[in-house]
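Think of it as A, B, C and D in the order they're written, each chain with its own count starting at 1.
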Amino acid sequence: MNSIGKVLVANRGEIAIRIMRACREMGIESVAVYSDIDRTSRHVRYADEAYCIGPAPSIESYLRIDRVVETALESGCDAVHPGYGFLAENPGLPSACLDAGLVFIGPSARSMALLGNKTQARRMAVEAGIPIVPGTKEPLSDVREAEKAVEEMGLPVLLKAAGGGGGKGVRIVREASGLRSSLEQATAEARAAFDNPDIYIERYLERPRHVEIQVLADLHGNVVHLAERECSVQRRFQKLIEEAPSCALDGELRSRMGEAARKAVIASDYHNAGTVEFLLDSGGDFYFCEVNARLQVEHPVTELITGVDIVKEQIRIAQGLPLSFSQEDIDIRGSAIECRICAEDPVSFLPSTGTITELEEPSGPGVRLESGISEGYKVSLYYDPLIAKLIVWGRDRSEAIARMRRALEEYRIKGIHTTIPFHLKAMQSVQFVSGEYDTGIVQEIEHPETEIHIEIAAIAAAIVAGEEMAVELGGETEESRWKMLGRVGNGLHRAKW
Amino acid sequence: MNSIGKVLVANRGEIAIRIMRACREMGIESVAVYSDIDRTSRHVRYADEAYCIGPAPSIESYLRIDRVVETALESGCDAVHPGYGFLAENPGLPSACLDAGLVFIGPSARSMALLGNKTQARRMAVEAGIPIVPGTKEPLSDVREAEKAVEEMGLPVLLKAAGGGGGKGVRIVREASGLRSSLEQATAEARAAFDNPDIYIERYLERPRHVEIQVLADLHGNVVHLAERECSVQRRFQKLIEEAPSCALDGELRSRMGEAARKAVIASDYHNAGTVEFLLDSGGDFYFCEVNARLQVEHPVTELITGVDIVKEQIRIAQGLPLSFSQEDIDIRGSAIECRICAEDPVSFLPSTGTITELEEPSGPGVRLESGISEGYKVSLYYDPLIAKLIVWGRDRSEAIARMRRALEEYRIKGIHTTIPFHLKAMQSVQFVSGEYDTGIVQEIEHPETEIHIEIAAIAAAIVAGEEMAVELGGETEESRWKMLGRVGNGLHRAKW
Amino acid sequence: MAFIVRSGERSFRISPRLVESTEHEDHYLVLMDDSEHRLSVTRITPTHLSILLGNKSYNVEVERSGSDYRVTTRGEVFTFRVADEFLQSSEEASASGEAVITAPMPGLVVKILVSEGDEVRAGQGLLVLEAMKMQNEIPAPGSGTVREVPVQEGNTVMTGDILVVID
Amino acid sequence: MAFIVRSGERSFRISPRLVESTEHEDHYLVLMDDSEHRLSVTRITPTHLSILLGNKSYNVEVERSGSDYRVTTRGEVFTFRVADEFLQSSEEASASGEAVITAPMPGLVVKILVSEGDEVRAGQGLLVLEAMKMQNEIPAPGSGTVREVPVQEGNTVMTGDILVVID
């Protein structure tokens, strides 16, 4: 058994805090690494120790395997947890950990390399008898090869990064004329995101459901699946909303897909937590896409319906402990939904940056928040726009939806734009509420304005404008605003602190 | 069936928000009532509509049955929810609702009057064959009668308000010489809290456990219990920490106590949610204390282990719907703990008032917060010091304790003193962690200082003092402090917003 | 004093008048187009207002950014341009017909897809802006001729910087 | 500049020196009694400091109330009196032996249980203060003679107001 007393968390934001929370609850110390602009970030404050490993660009900090390993050794860590993104799917990290005598909390470098190469993973699936989507088995060497593949498969096709997931380096191509520029963009993104420009191609299924199975595998041969997550609400191959269980699965299909997922894990000699992604068509046929050899962003929905703390299980597995439950012990209770709160414009989804000036977070029955921000936090362009995840549990799906809507209405983040208004519309859309949706849903959700809300908002704007005009005429400046708020005045009633 | 489309919540603070959340999730509108100083309070902002019903003293606002009922009618409500405290156990409210054609979300005036009179309730229990603690069956008419009862029962004794619970109007008397002044204080408190000065007396069991059973009873004769809550962590008869399930109960004792609770509910023709309180001695014998004819402060721990939303069930029962589950459907999952966050000094428990200047709330896996405060909120002396409840769920009790400790460490409330430091010590105390505790636990919890924490704190104080001295020497005033924070300066690095 | 408050196609003429100020709130009489409303307003934090319209309760966030007011209520976000009734008319007169495409976010110009003089149609990509590790193609809002491209590949731009001007 | 920082029985002599200030943090060299510490300090909000002592991370809240500094870290709360090393000694000289009982909270004096000249013993109730609907008996901190009771029944008092003076 590898006793773990101190863990270096090679990540930032909400997932770093999620992992540190698990450590703290297990009595394990946690060590943060950070880039210099993250000195004030919450994960630095949350950790027991913190080490600066470089400047803001991740390539010079969060992607530096050498610095991560050095810091783990310097700070006396026994283990490294990569989170998701950054180095999470880079086999160089588990290799370097092994060499340095550190436990890597995740799969072995070998399984990771196998699965991280999406073309090899597809071959593994075929050999294990799991159905796959038609496409190339090798990375594309140039645009001519892509054109040849398109001729064989027909359009539309999907270009995907062989080196990683998370929607980066992915392009859908519907017209032959767009193939070249899409391939260039995908290649550039893949190089920047994964340090690996390889792109492969597969047939693009129109509007499938995106369903994934969570799996836990220990070092003693025990492999348990924790049912599925429905991840079809996506925009540009970035998931926006996830839920568990999926409306499209019944017990029988869940068992079959769970069994296929277990097969994939066993065939790739995989251990620790992993996710097997499938596309599910409207006829109930499913196709293996890939294995995400890491903790997923959306793991909390599975935790809420099963009661299992997946991060703690990861740590236990890495310590060499057997799973404390078998497949029969896993029962699903209620329904869970996750909304990804991103620093983006809710309509255009363009990134938004700024400082969080006010924050009021939702809570109450059935609400869980995984957040990387706090008041005073600066959202920069350097990192992923995912700033928080709002997750709810309900006794059934309709309670979960009502609860999510209620929680979204409570959530106030000032200083940046977020996707909260999009999620609110989604929770009220016929498509989401019915459960009859697929990956085309985001385009279908409408953004009608509520008449009374626009009127109240307009009145509020006029009142504040009137007050500000009075202040400006009175010779006071914007800078003295906070000072002004200390007084009880005639005019708009002010916060007194 | 009484269709409910709009509910007046005759309360304030965290419980008003809890009820409004349930309404919102059920698609029911909610109406707040407030005293003038509560204009900025969170429950006013949370409601769909809000009505001022009087000045700050509760006797002139939150305790005014006439204004509550008038407001419900004026605003077009179908129903009134009293929460806990204030009018929750005043049979005048359900009576007035009945007369006005409003649904009261709670028991009938008749059962409430029966159970609210603690002496009658004791008689009911005796008749139903439920064991009770020895004591007077009628309220004390004067101190002489109290002295007589003491002569019969011996010391120590407990003086308790006949008109209500919540620790108000309760005094323990260990020496005959203290009887008179304790009776005077208890009477004054009972009059102020419940508008009913009646006090009764019972034998004081040394260090019993305080265990209560949650019951739901519909209008169709279905009575289901939702297991127990352990409420022994008390100070001055005010609960501080509650948990479910209790370490002192096994399945067999749970069934027996659950059965006794159901008997009490049936004998008093009770419907809606209620709690039957028992004292449990170290030998496993239990004694009926009283029935709390209302929603309890600590209902969330039961919700977390059963998955039942008790407030929603209350509304469904009031609508005339049958319970959607039977006793067999209730199964307990994991373990839950609640810590009451009060605006009090954590050592002396004396009240603390002020404005909340900063708030950072805990979240993450298994954490639920029920809070009545937000930044800018003023904690006044007019109302109960309970400002929030922090509740956690864990797969087992030890996970719940670790999680509570972690969540308490995350919770930052600035501007007032709170009981958070007390709870942190409790979560680390041998007594609480072992589960082997009784109502004497609060006196036993120690408050050792962590050496490194006092050192860091002293250094921080010196750094800030040094900075402030520099500012003062520079001629800047306290008022320009926020302004100053807008600049990046030499000296202590400042928040830039 | 009356304000013209505009968001997209919608426009309101709003005249707020403070009628009473107590310890806990301010009472306003607001004339909005032709109807009069009575409001109680109180500030919870600098940008967070609690408004009672009659007895209906609304939480409203108001953030100013330049001459725009971004207002959020119950998760819906509106951006208003607020102008004094008189200033309004002069501003309208100065508006021209050209389309100025500005950076919707700070970022790096990784590729420019058009040159001055090019004819472009609505939806056609003009340039690729990299932000938060994503490459975003900025499309033409309508058809026309590219008059000016004041940025170069490799430039870092801030929100609002002009990227392309189309006639 | 050195400060004497005291909390109850504990007393520290602390001399903080700012050695470097970057965009993201300030570096201090702190001499505490006999040992030297290197700290990185940054402010998250006006009262919320993130401190790295070496690489150990601490969140610290510092709130000033009069001459007291109330400091919270990991849920532990300490109240310090901070004085400049030189002012310190003069302050000490002026301290007298009497016990001054002040109101621990704002409230209403509902009952006074002692009179001037009474002998009281430690723990004996001096008066009853009502706050937040609870009646709180304020006990004598030690034994002695009541010299002064400057409040009357029915008075409203604020935190820090003198209730009873015992010799």
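Just so we're on the same page, contacts are C-beta pairs under 8 Å (C-beta built on N, C-alpha and C of every residue); 3 or more make two chains touch, one makes a residue touch a chain.
In this text the structure is predicted, and so the values were computed from the model without any measurement.
Participant: Have a look at A-D versus B-D and report the one with more C-beta pairs in contact.
Facilitator: By number of C-beta pairs in contact, B-D is the larger.
Participant: If I average the CA coordinates per chain, which chain comes out farthest from chain A?
Facilitator: Measuring from the centre of chain A, the most distant chain centre belongs to D.
Participant: When the C-alpha atoms of chain B and chain D are each averaged to a single point, how far apart are the two points in Å?
Facilitator: Their C-alpha centroids are separated by 30 Å.
Participant: Take the average of all CA coordinates in chain B, do the same for chain C, and state the distance between these two points in whole angstrom.
Facilitator: One centre to the other, that is 46 Å.
Participant: Based only on mean CA positions, could you tell me how far chain C sits from chain D in angstrom?
Facilitator: Those two chain centres are 50 Å apart.
Participant: I need the residues of chain C touching at least two other chains; which ones are they?
Facilitator: Residues 23-25, 42, 44-45, 48, 59 of chain C touch two or more partner chains.
Participant: If a residue has to touch 2 or more other chains to count, which residues of chain A qualify?
Facilitator: Counting only residues that touch two or more other chains, chain A contributes 357-358, 374-376, 409, 415, 482, 495.
Participant: Taking the touch rule as given, give the residues of chain A at its contact with chain B in the complex, in rising order.
Facilitator: Of all residues in chain A, those touching chain B are 17-18, 21-22, 24-27, 300, 303, 307-309, 333-334, 355, 357-358, 360-361, 363-371, 374-376, 395, 399, 402-403, 406, 409, 415, 479-480, 482-483, 486, 495-497.
Participant: What does chain C use to touch chain A in their complex?
Facilitator: Where chain C meets chain A, its residues are 1, 3, 5, 7, 10, 12, 14-16, 18, 21, 23-26, 28, 30, 32, 37, 39, 41-49, 51, 53, 58-64, 69, 71-78, 80, 82, 84, 104-107, 110, 128, 131-137.
Participant: Quick one: in the complex, what on chain B touches chain C?
Facilitator: 31-32, 36-37, 39-40, 44-51, 75, 374-376
Participant: Touching residues of chain B toward chain D in the complex: what are they?
Facilitator: It comes out as residues 168, 181, 185, 188-189, 192-193, 236, 345-346, 348, 350-353, 357-358, 381-385, 408-409, 411-412, 414-415, 417, 420-421, 424, 449-450, 453-466, 468-469, 481-482, 485, 488-495.
Participant: What does chain C use to touch chain B in their complex?
Facilitator: Chain C residues touching chain B: 23-25, 40, 42, 44-45, 48, 50, 52, 55-57, 59.
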